[in-house]
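Next come two complexes built around chain A: one with chain B, the other with chain C.
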Partner chain A sequence: MAAFDYVKPPSLESLINDYAQAKSEGAILAGGTDLLVKIRSGLVSRRVLFDINDLHEMKGISDEGDSLRIGAATRICDVADSNVVQSTVPFLSLAASQLGSPQIRNRATVGGNIVSASPAADTVLPLIAMGARLRFGSQGGNREVSIEKFMEGPGQTDIREDEVLIGVVVPKLSNGCKSHFIKVGRRKAVAISVVNIAGWIKTDRTGVIEDVRLVLGAVAPTAIRAGETETFLRGKRPNEVVLKEAARITAGQSSPISDIRGTQKGRRLLVEAWTFRLLQILMTQNEAN
Partner chain B sequence: MIGDFVVKGKYVGAEVDRVDAIGKVTGETKYADDLRLPNMHYGKILFSPYPRARVLHIDTRSAEALHGVRKIITAKDISGNNLYGYEIHHHPLLVGEGQETRFVGDSIALVVAETPEAADQALENIEVDYEVLTPLTSPREAKAEGAYQIHPGSQGNICCRPELIHGDIAAGFKNSEVIVEHTYFTSRQEQAFLETESGVAYVDDSGMLHIFSSLQDPYDVLEDVCYALGIPKSRIHVKGTIVGGAFGGKLITTIEVHLAAMVYLARVPVKIVLDREESFIFHPKRHPDEIHVKVGSTRDGKIQALEAEVLSDAGPYSGRTPEVLGLTVSALVGPYGIPSVHLTGQAIYTNNLDSGAMRGFGAPQAAVARESILDKLAGTLEMDPLELRQKNFLKPGQETLSPVLGDSPVSLELLKDQILEKMGPLPEVSPEQNKRVGRGFCFDMPVFDVSAIPVLGKSGVGIAVEIFSDASACVYAGGTELGQGITTVLAQIAAEELGLPINKVFVEMSDTWTCPRAGRTSASRLTYVLGNALLLATEKIRNTLLSRAAKMLEVSKDELILENGKIKAKGSPSKGVGLQEVATVCSNEGLKLREEGWFKYPEDRYMYGHTFMASAADVVVDLVTGEIKILKLVNIHDSGKVINPILAKGQLYGGSLQALGYALTENLIVEEGKLITPSFSEYLIPTAMDIPEEFVADAVETPYPTGPYGAKGLAEHALNSTTPAILNAISNAVDIDLTTIPVYPEHILEAIRAKETDHQ
Partner chain C sequence: MSHHNIYLMVNGKRYSLEVESDRSLLDVVREDLNLTGIKKGCDKGDCGACTVLLNGKPVNSCMVLAVQADGKEITTIEGVARDGKLDPIQVAFIKHGAVQCGFCTPGMILTAWALLRENREPMREEIQKAISGNLCRCTGYVQIIDAIQSAARVSRVNNE
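Up next is the complex of A and B:
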């Protein structure tokens, strides 16, 4: 394992300055559950790691009225267990609660999950479905960008060399919306998603779908919105035939690859099957969720 | 007699706590990696990056010049044969210049350095020029005419070709009204032991080489170190450390030859601990097999003929392959009486990962094919799968076809009754839920080694016992504690026989200096063979103690009993003497208080003992998503008398979970000879969360006449029989054929769709 220096900046300001100075030789160390694995296997080597775990500006979940602000260094377990997340963005909590294992959730952070930009990253899906915005800090000032735009490919984002992710702003689900998250793994814990899906739905009093979001993970270079499915479903009164068709359309929007976790064909089948199941669950769920 | 064997001692048959429990839960137990020696250096192995390449040139100069590097070793430094291997010595310790590598686990150079970091750096600085060659990665390709020979002279790259013929197969099929056939594909399975290959070694002042390592048979290590390096066996001391799991993966010599070469040539104590990725490529896996099987039966379900062909990927070296494939072939018959069989196997050398022993030793592959085709046959006959099995159960007194002794009372009917009772009614799901439940069965006849096979120390098994003048005792046994609990079992038996409290009995294992030769720790054999040897040894000690006490108490020896640390006269409880006193007298008088017991099965033939096993699974399958949920898993064994019920259950639970992984999650993917799932984040074994909702383990205890207290062996069992039970449950739930493991939900969806298209 390549050697590196370890630095724990005392404030956000000094982090931003030191990190900018280190240029490409520096890396942010949050939970380390992605970074340290990559360093050990030689995929990443950095001269210096900046530990952000004690920077209070980057931690915690706050209620800002219509939205939540989640610090980048907030642990996945805290997102999973947060009452305010559970009541206002329930599927984010659901996604967080299924990431990895208790040990991983106790270390891993939301910021790390976002910046590592795995197409299978679990919390990214509900964040995209909510139109979450990322807040970055750098010597040049702050920048905000939507998470959907931020993701460019597997491990690729539009983060700039001197930027630090400070937090993410997540709009709350509006009243009457129902949400759900599904993780398809090969076992019940510590399994990277073969396919994951997040969605929310809003129906009017007559049962017609007013609006819907559907986000697919692990079946394209980044997590993607199933836009065609959303368009198809809007204005429809869902029944089994409609949901089946929606599921079929969704599978068509995925462009999975074959890898160690699954084949292209298998993943398409799973997208279709689980989209149908997810929509079914959304239609039958209690409003309270 | 069945089910109510009389021996129920104070310790034998009781739920005795593991004698090694405290050390293991507190972390005080020392594994090989915990051992430290003065001036200990660290050893690392440079593995071949290519499955097949010619080594043109190795330049170690810049690595040698690094700070902290003590020694770099290549093939030219080795003065012995530079080869090792079980039975056939064709595994090079180091592949030298001009030679070809045969897989990615071949070693090119060894590094000895002051720190692990320096050793890593040295590895990176060894420059090797390779001529990369095209590997043979499929057995079909490798056995084709004109394929290059991985071992020169191995025609068609054939490693072995076992065959089992019985009766007239043509007549058998002629007598059959229904014939079904199918091909099954089983996957490579990784043992996934917690402790990777590790050991420390040093040479003492007298020139004795001491090796302490994580192994399954210290004597195999003697054999290999002697052959590869030319060190006399009498100058090698091997001690197996407490092992953190092995499951067959340490059944051939692992890092010990490397370690010995390092210690000898670098002249410092050395430790090797493989990291997980190294371990994954280094040790042999369960053979991936392609099994074509054809079975013929009468309309009313009497099987007349069984024909099968197994094509097995041997990997680059022979190792345990001939034995494993031999067992696969014979296990295709299972616990059934079949009048005619023709079973053949071919194991083919390839440049893939090596194949070898893994819990079940070839029988799990056979069970998948056998029990799947039986369900298929039942489907064709429109007969209940359990009824079909029952009709063909081996009958008491019926000849067994596989190389098993056939001297075990047949208890299949009893197992069947028990398992039905434990399973209860099939759970129901409401039809609108789009879910289906299914139940699957498997019956099996797991074998255990009785030490009848007259090769390589497998026949005679020794043990030594000593009682000391303070009335404590020590057992010295050549087998190895792998986590299975053999130290506890031996302590139970010794305490029972010597009338000692169990905390006065100590068990030392796996040491070529102190323990008589006992052969390997595998094939579910130790309770039977060491148990028998121990009874012979304790009998001699009892004799000495009782004879001496008889003189002291002035009663006849036959009237004395040994109990609770005392020798007492049966009739008159007042007449007694403490064991400590007797032992002290014996010791002072120079009477022999250390005895050996040697057990050997009365016959020399290639035969195993056998046990019986039944597994059943209830699953629910989601028709929309293909999701599989195991509701209930029941495993019942008959391995004769159970010496320790907790340990026995542990064997069933553990084996069953490994089988669950084999059926549903574990997938070791090798592409072009390279492993692309090199760690536990890609190779998924079941976690605690994956344990079935209801998980039952139990026993039927039919005493075995030649076993200690009627015991046989129990270890591999549930790994053979759980996988087919799960597969059959799934395929019965949704009425599809499953031919390949692991089974993923999308395979189920595909099969359901294919069936729907067929129907349209």
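Up next is the complex of A and C:
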């Protein structure tokens, strides 16, 4: 007997109805790179999988003026290769291009990377840094929530039993902002991040930092904003001393654990070293990025 | 539904099959179609030994349900040689000693094939990135990268 049934709903509406009816026995199947592995290893068991891969409402990247709308079933490779993402939210494309391996990026989806809620999920960092909002559909209607509020812990989110993630709305970086993403793994590919960092910065004409965002992954139960660092940097003219101090403050805001990928102490050192590097890159980058 | 009637276009040939919903494309291609070129390594998307081209793109067939591949085009290593003649990539793998135990080779060659179709003149770094999802425990990758670069050169000459 098959471990689960497979259903391909013909429309978003029928997906929402069938999924609500299945209650906790149903799961959404997008790329399958996480779900199918979990089912096979016995970590997750579901009676029925709902395949969303061909639902056009949940696919693709559209330009909505000040923001982009990315469908939940949009593949990671399409985010990495998208011209509009590269030109308006470059560090999201950068993060997507470093997730998993080419084979995984050809299947895995943005929605899956979000709802799986790994503290190390690569695309989640730039999405938090941009203040992205998640759009859910359910029989009770639609709901929108900020991605930062949505993440509650490793594998834990604010999602309700009958809700389906339809897409994510990502504000574009404003003119003059520079962004970057750094992934530190044990190897360059097929690696879960030991530490990952995303940030953007905006300086005024005299070189003073007007605004900045810094998000850390894999060093707390969810990806976190380094709020103290952001406050410290605002209004300052960056030089090596300031950036070093910012990196030190950032390491203090992380609360990493020791696991097979790295020790607690090692991760703190990585946060400090790579935050300094990320800030340096942001300060020396060309305007185009 | 737990049983599905599907058809797959594998290496240009159409197959009609009945599959259970939980069977991976990997298992169906190996066990039902007897195309055993693709290998089951980790069965969780880490090693790339099960790489096939799904509508032209390399994917781990262990992470795709057979039912999801309904109506799609699949290329396995058995479909790379044409009319009994090896592809330039296969020739280059032999020439450069890029095959040792051979377990990663089918996936590696398909990934290389997809790369060379998009990029006729890849740099070493581009090759490294393209094959980063295909693990090889024997060669240390150097011979594989040499082989892919040489195959790209041969293909360019053949096409001119």
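The criterion applied here is as follows: the second predicted complex is superposed on the first by the 287 of 289 C-alpha atoms of A that agree within 3 Å, B and C clash if a C-alpha of one lies under 4 Å from a C-alpha of the other, contacts with A are read in each partner's own complex, and residues count from 1 in each chain.
To be clear about the criterion, a residue touches a chain if its C-beta (ideal position, glycine included) is under 8 Å from a C-beta of that chain, and two chains touch if they have at least 3 such contacts.
Model, not experiment: these values are computed from the prediction.
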item	value
Which of chain B and chain C A:Phe276 touches, first, second, both or neither	first
Which of chain B and chain C A:Arg160 touches, first, second, both or neither	neither
Chain B versus chain C as contact partner of A:Thr33, first or second or both or neither	second
Touched partner set for A:Arg237, first chain B, second chain C, both or neither	neither
Chain B versus chain C as contact partner of A:Arg186, first or second or both or neither	first
Partner chain(s) touched by A:Arg107 [first = chain B, second = chain C, both, neither]	second
Partner chain(s) touched by A:Tyr6 [first = chain B, second = chain C, both, neither]	second
Winner by number of chain A residues touched, once chain B and chain C are compared	C
Residues of chain A at both interfaces, chain B in one complex, chain C in the other	1, 37, 101, 188-190
Chain A-facing residues of chain B, complex	120, 624-626, 664-665, 667, 669, 676-677, 681-682, 684, 686-690, 744-747, 749-750, 753
Interface residues, chain A side, partner chain C - complex	1-7, 29, 31-33, 36-37, 39-41, 49, 51, 53, 77, 100-104, 106-107, 188-190
Contact set on chain A toward chain B in their complex	1, 37, 101, 184, 186-192, 260, 262-263, 265-267, 269-270, 273-274, 276-277
Chain C to chain A touching residues, read off their complex	1-4, 20-24, 43-46, 48, 51, 54, 57-60, 63-65, 67-68, 111, 129-130, 132-133, 135
